[in-house]
Every structure is written in C-alpha cells, then in structure tokens.
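Just below is one structure, and these are the notes that go with it.
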Amino acid sequence: MPSPSPSSPSSPPSPAKVLVTGFEPFDGETVNPSWLAVRSLAEAPPAGVDLATAELSCVFGTAIEDLRAAVEATSPDLVLCVGQAGGRHGLTVERVAVNVDDARIPDNAGRQPVDEPVVEGGPAAYFASLPLKACVAAAREAGVPAAVSQTAGTFVCNHVFYGLAHLIATERPALRGGFVHVPYVPEQVVDRAAPSMSVRDIATGLSAIVTAALTTTTDLRVTGGATH
Amino acid sequence: MPSPSPSSPSSPPSPAKVLVTGFEPFDGETVNPSWLAVRSLAEAPPAGVDLATAELSCVFGTAIEDLRAAVEATSPDLVLCVGQAGGRHGLTVERVAVNVDDARIPDNAGRQPVDEPVVEGGPAAYFASLPLKACVAAAREAGVPAAVSQTAGTFVCNHVFYGLAHLIATERPALRGGFVHVPYVPEQVVDRAAPSMSVRDIATGLSAIVTAALTTTTDLRVTGGATH
Amino acid sequence: MPSPSPSSPSSPPSPAKVLVTGFEPFDGETVNPSWLAVRSLAEAPPAGVDLATAELSCVFGTAIEDLRAAVEATSPDLVLCVGQAGGRHGLTVERVAVNVDDARIPDNAGRQPVDEPVVEGGPAAYFASLPLKACVAAAREAGVPAAVSQTAGTFVCNHVFYGLAHLIATERPALRGGFVHVPYVPEQVVDRAAPSMSVRDIATGLSAIVTAALTTTTDLRVTGGATH
Amino acid sequence: MPSPSPSSPSSPPSPAKVLVTGFEPFDGETVNPSWLAVRSLAEAPPAGVDLATAELSCVFGTAIEDLRAAVEATSPDLVLCVGQAGGRHGLTVERVAVNVDDARIPDNAGRQPVDEPVVEGGPAAYFASLPLKACVAAAREAGVPAAVSQTAGTFVCNHVFYGLAHLIATERPALRGGFVHVPYVPEQVVDRAAPSMSVRDIATGLSAIVTAALTTTTDLRVTGGATH
C-alpha cells in the first residue's frame, strides 16, 4: 500500500454500544472538562452509536469500581475513558497504562498512594485497545488538535485506564477501550498562562475518536512517537 | 476605595464609532485568527457600537497605510488593532509599542528590516491609550483567558501598533486605541503542540474589551506586571 | 519510620562493577550530551566503583547489540544507560520501558519503525530496577535538578532501556539497571530557546545516581508521580 | 558589506572602567544568580577591563539610588546591570526599558507599585545603549546560550534599567549601558521544572558581553526580533 490510510472502514453493528466516562472535578477545580465534554457529546452522539455515559469519582479504587459498575450496567462494545490533563494543548490518546499509583497530590478522598500497584500482581503495563493513530487522525480531520501520548501519568486517570485494560484482559476479551486526556476549558484558566480548548471542540474531537475506534479495523501506519 | 473596581462605567455616546482591524495570514498560514475573529465580532457587535472593520496587509509600511486609510474612512472614537501571537494561551492586551522594526521572518512582501525605526525621529515607545487592566478583567469576566502583555514584538504587529499610537499622538489627540494579540485557532495547530482558542471565544473576548475600553474612565488598580 | 529516608545504606561489595553507557549524536547534532557526561564521569568515577563505559549507536537493533556486547565484556552489577532528552530541564530517571518502537525521526541508519515491538512477544513494559526516588534525591542533594520521568519515549532510548530490562528479566536476574535522560548541553542551544545543563553538572548528577543505586536497599517513599 | 560582521573591533582605551551590578535575592530565593555570576566575573575580569561591581537592593527607588551611588563612586565608561529572569533558558540582552512600575509580587521592602512611572514625566521608554546583536553573538561564540529580549518586565529589573538609561540621557551622555537577564542557577531549581545555567557559564557569557560592548563600534545587522 503506497500511502498510509486506514483499512476500509466497514459499518459497525448498528447501533454500537459505547460507554464514555468523565471525571468529577479535582485539585480545587470547580469543573472537570472531561465531564463537561462527555455531557456535550451525549447531547449529540455520533451516528450509529448507542451512547452511555458515567461520571467517575476522582478517588483511587472507587474510580475503578465506578467504571466496573457502569460497564456491568451497559455492556458496551467500546469504552472510552476521558480525563483532564491541565497544561496539554490538545486531545491526547493514551498509548499505555502502567501498573503504578504515585500521587503528586491527594485524590478527592485524601488518599495519596506512593509507588503502589493498581492491581497487585498485574503486568507492568497494558496497551490501549484502540487504533491510536486513526483516532488521532480523525480528531485532526474534524479540526481538533490531537496527538498520541506516551504516558497517562500515575494518578487516578492512569489508575482507571489500567483498571479498564485489566478488566478487558482478564474478564471481557471482546471489549475494546482506551483513554483520552483533554485540556483545560477556558473558564478554568482565565487568569492563568495555560492552554485550553472549548467544550464544543473537545466534544467534537471525542465524537470523531469514538467513530474512528468503531470503524477502523487496521490502524494507520503513521508515527505518533516521541524521541523521549 | 477598599477593593479594586473600575470607576463607574457611564453610557458611551451612542453609538460609539469603533474600528477593529485584523491581519491577513502570514508565515505560511492559510488563515489569520485576528481577521477570523474580527469578522465574527462584526456579525454580532457589542451593544451601542457602530463597528467598522479592516483587514490589514502583513507588510511593513503598507500595513500602516492600510490602517490610516481605514481611520480616515471611518473617523472612529476607538481603534483596536488585533494580530496573531502564535504560541500565546489567551488574549493579550499590549501595553507598549516600540519604535523598532526587527523582523525574524520576511513580511508578505519579502521585506525583513533589521533594527530600523518605525517612524524616523519618533519617540522610543508609546503606551496604549486603553484601560489595560479593565480590558483584561472584562475579557476574563466573559470567560476568556486574558492578560496584559509587556511586548508586542518587533514585527508588523508592533509596527502597526506604533503607527496607530503615533497617529494619535501627532494628528488625532481625541482618538484612543491599542493592540490585542490573539492565539492560534485550533485549525492552525491540529498537529502541533501549541495552544489555541476558538474563533468564538476570541470574538467574545474582543467584544468585552471594546466595551470596557469605551466605558471605563479610570483604569483598575490591579497588577498586570511581569517580573521580567 | 516517621519521615521518609532511605534505608540504611550499606557499603557495596568493593568495588562494584558499573557499566554506564551514552549515545552517539543523532538528529543532526554534533555531540550527544549523554556521551560527553559519561566520559566526564569516567574521569572521576564515584568512590568504590569500578566503572566501565560504552558509546551506543543511535540505531534500532544495533544499539541493543552494542549494549549486550558491553554487558558481556564487563559483567557489571549495575547498568545505567544515559540518553539525550532535548527540551527537558534536568536529569530524569526513567520509570518504565515500553515494548514499542515508534520513531518520529529516522535513526542514524535511516530506519524509522512505526508501532513495532522492541522484542516480539515481550511484555508491554518493564519497570526500572533502580531505586528511582533515592536516585532523584541524591542528584538533588548534589545540587543537580532531577525528577522521575514516566516515559522514555518510543525512540532508540526507550528501545535500549527495554532491551536492558528484557536482558535482566530473561538472562541476568542479578543485574540491576535503568535509564537516565539528560538535557542538552549549552553548546547545542546557543541560539535556541531550549534549556540546557553543563556537562560537569550532568556528570555530578550521574555520579550521585550511581552511588544511590548501589547503596540503597529500600527506596524512599516520596512521590515522583504525575497527574497526567 | 556582503556578510554581517561587527565593525573592526579596536582596542578599548586601556583599561576601560566597567561597572557590573547584580541584585540581592528576592521572591523567597536564598541566592540571586545575577550576583553570584557578577562575583564570579570579578574573580576573572575580561582582559583590559578595570571592573567594579555592586549588589543592588531589590527595592523600588532604593535600587536606583544604589546604582547611582555606584556610578558616582566608580565613574565607569560602561555599566552592565544584571538581574534574574527565572524561567528563561539563556542570557538575554534587553532592548528597551519602559517607564512603568507594575509589580506582580512585593519587592524586598514590601512595596508593590501598580502602573506608576519610574520617573515622573520621563519618556515612555529608552533603548539600551549597547550593541545588542554583537553582545548576543559574543556570548554565543563563547558557547553560552543568549538572545535579545524585547521586554525586561515591569519589576525592579526594568526599574533599574530605566533608571540607568535616564541617568545616561539626562546627566551622563558619555556613559553607555544596558541590562542582561540571566536564568536560575541549578541549585534554585533542583526540584522544579525550570531551566537553569551554571554560574560559570553565566559569568563566561557576561565576560563576552562586556568585551563586545567595549569593542564594537557598529552593531551587527542580524535579526534579534520577535514576531510578537
């Protein structure tokens, strides 16, 4: 194949059941852009998608329980977890979840684990079961800045991402899923020198990512790497 | 007065005549967010404002001629020049225009002056004749990230800003005016790690700034400074 | 133990055999700060250390062969691989190596793998077998800015780090090792807006890290995490 | 002249009298890199230079008095004021001093002026009386990252720079002078993600700048501008 392109997209089983989660606010914020965008997405879900949403606690342990309950309740084909990455410029589709909790700040229950495994005895990491490059390309084609990220951090976002991947690996092999980090929204940074993105643009990007994840059978062969 | 607040806003002479300018694209870009936002602003001008707009060339010399022609044609009470500051996170209201052209890249006519004055014999700098702090506060209250900036650079934006200030100082003492730098819009940075802001949000911020500039008689006493 | 502190450092078997590697220049640079600093370290090795060094190719595949040959030749107790992370401010001790090559730029042999495993069938990731937090604390105590990093990227640095960890996991269980990324040196960025660190300071930090890695039996319980 | 080059450097009147100032620490820091570097410079002054140094208070008003007293005491041919610009990557030679104090943080006497002039009735700005481009080129040739800066901020550094330029303009027309901002030193940022530079490298750069300022009669015609 001379030029990189996704393998022929086929129609998903209609409608595909998709669970998209956001988080409650943390670290003193009054909103969490992930949940604002997920609610916005739910108001205009992608074509051919039966969309369910859930707001997860920003608490180690509880957040994974919230996620598992939502998966139980909705039996989705695809799960996309979304979280805030304050300081990033665009949407970032996460490549890898690592088996470590190392909290730079306390979670919403005051817990601050240091170098503890997410799952005792679990593997060091799981890769996302998403076509990363096609997801990024789809967001960009929709006009929304996006990139692959090589780290989801070691806080509750990574914790939930690892919990999701472990659930898939050990209990739900047919499920696919991954994690997307999103920037601050403008209202969070009116007086701070940090990048932001409108809720509308975040939701547009998430919609494109959901559709790409459902319709791509072979990922694009384009780089999304980092030299360090 | 115990807490900082703007002096009592009074109704502007109705309607106030305001000229807002943007720039044509430069540096290989296909759009200039300043002009996109100015056009958006013109579709829904602030209450009580008779708004005129002009798109300026991104060419040393010509840009000031474009500005002067637009001022002649519209006889405004207030001029707000707007330009792209790729890499900045929010709107920045410029404090000072300096009498130097020093172009890191060629302008749209291929000119690249180095250390030449904007106006031979002009003063080293002019301050904006805008209530900087009230303008920033108004944008923030509208939910749009904003700050004072201590430098407009040494390219065509600063050139036009200085040209405007010199026109005011030497020919039109009743006119007031200043310069606002705006971030990239998302479509410019879909695959780049740079901050952006939606056209809608930029226009919302500009609208708030225009209104603040027209209605503030004494600027807020709040810091907008930089340690360096 | 009420306050975080390393467990009582004991004298290493004297002298401990340590292999420290750097890389050849890449991406158009004429020097690689990792190799400059490793050579500087070799001129004044830490007390009680029998130090060997090796310069690795910046080529996928070959770099791991270079590393394996150096390990064969020196039978070290500890291996510290060092690489350039242009744009980072301080030394970063890497937490995790991932099983993916995804090259944003070609390596020195012109190869640019996309989403290929470092080791076919290997686990998704390995954690460093270093006391990360004690290593970071030791560098800081020596006056050198340092932090834990959650990603070593997906280029040749991560490739070598994964290769080292796989070697340890599959063939040399008594060996310990990890990866440290270092900033540009000043000569690389005289006309670029990027952070740098002197070769002397990098070497000082590496020396402290080697000693901490050899003498720490239980790592510090202090956070080195990231929220994203 | 086909290629940019400094005008033929001639020997300075031997020895030239040069005053270089640094600042005391501020903003909770325990050291100020400007004063560390100035002391280091004094231990090995540039050839042909009779070097005097002074440490200025980080207090509005007092700092200019300190500077004026040092100028009175030493009658220099050249004054180079040096200050800390935490967050910058390299040495920055300042182009312009503006007539405004706008303090984001209190000075060392607790004063925090907002939008007050440095000199009542003074011009909006003064340009440095240094060959900016030759100074930057000289630092780079010495291996030290450097650039022109378009703003010295609105805190005590800009205040002193303006005070110096006003002194030259109104009382000492034969004096030349300017301002150089320098990065943090490593010890200030061991646990912060901010760039730094060794005292030795800062001093090397300052030495090159002093020499270039003394020996250049016509500045280089190379860009040092910013698009914004």
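Each chain gets a letter, A, B, C and D, in the order it is written, and its residues are counted from 1.
Just so we're on the same page, a residue touches a chain if its C-beta (ideal position, glycine included) is under 8 Å from a C-beta of that chain, and two chains touch if they have at least 3 such contacts.
Predicted model, so just to flag it, every value in this text is computed and none were measured.
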item: Reference chain A; chain at largest CA-centroid distance; value: D
item: Rotation, 0 to 180 degrees and nearest 5, that superposes chain A on copy chain B via CA atoms; value: 180
item: Cα-centroid distance, chain C relative to chain D, in whole angstrom; value: 38
item: Distance between the centres, which are taken as Cα means, of chain C and chain B, whole angstrom; value: 48
item: Inter-centroid spacing, chain D versus chain B (mean Cα positions, whole Å); value: 30
item: Per-residue overlap in chain B, given as positions that touch at least 2 other chains; value: none
item: Chain contact topology (line, ring, star, complete or other); value: ring
item: Contact pairs between chains, per stated definition; value: A-B, A-C, B-D, C-D
item: Of chain A, residues touching chain B in the complex; value: 89-90, 139-140, 143-147, 186-187, 189-198, 200-201
item: Complex contacts: residues of chain A adjacent to chain C; value: 27, 83-88, 95-96, 98, 100-105, 112, 114-115, 123-127, 133, 148, 150-155, 157-158, 181, 219, 221-228
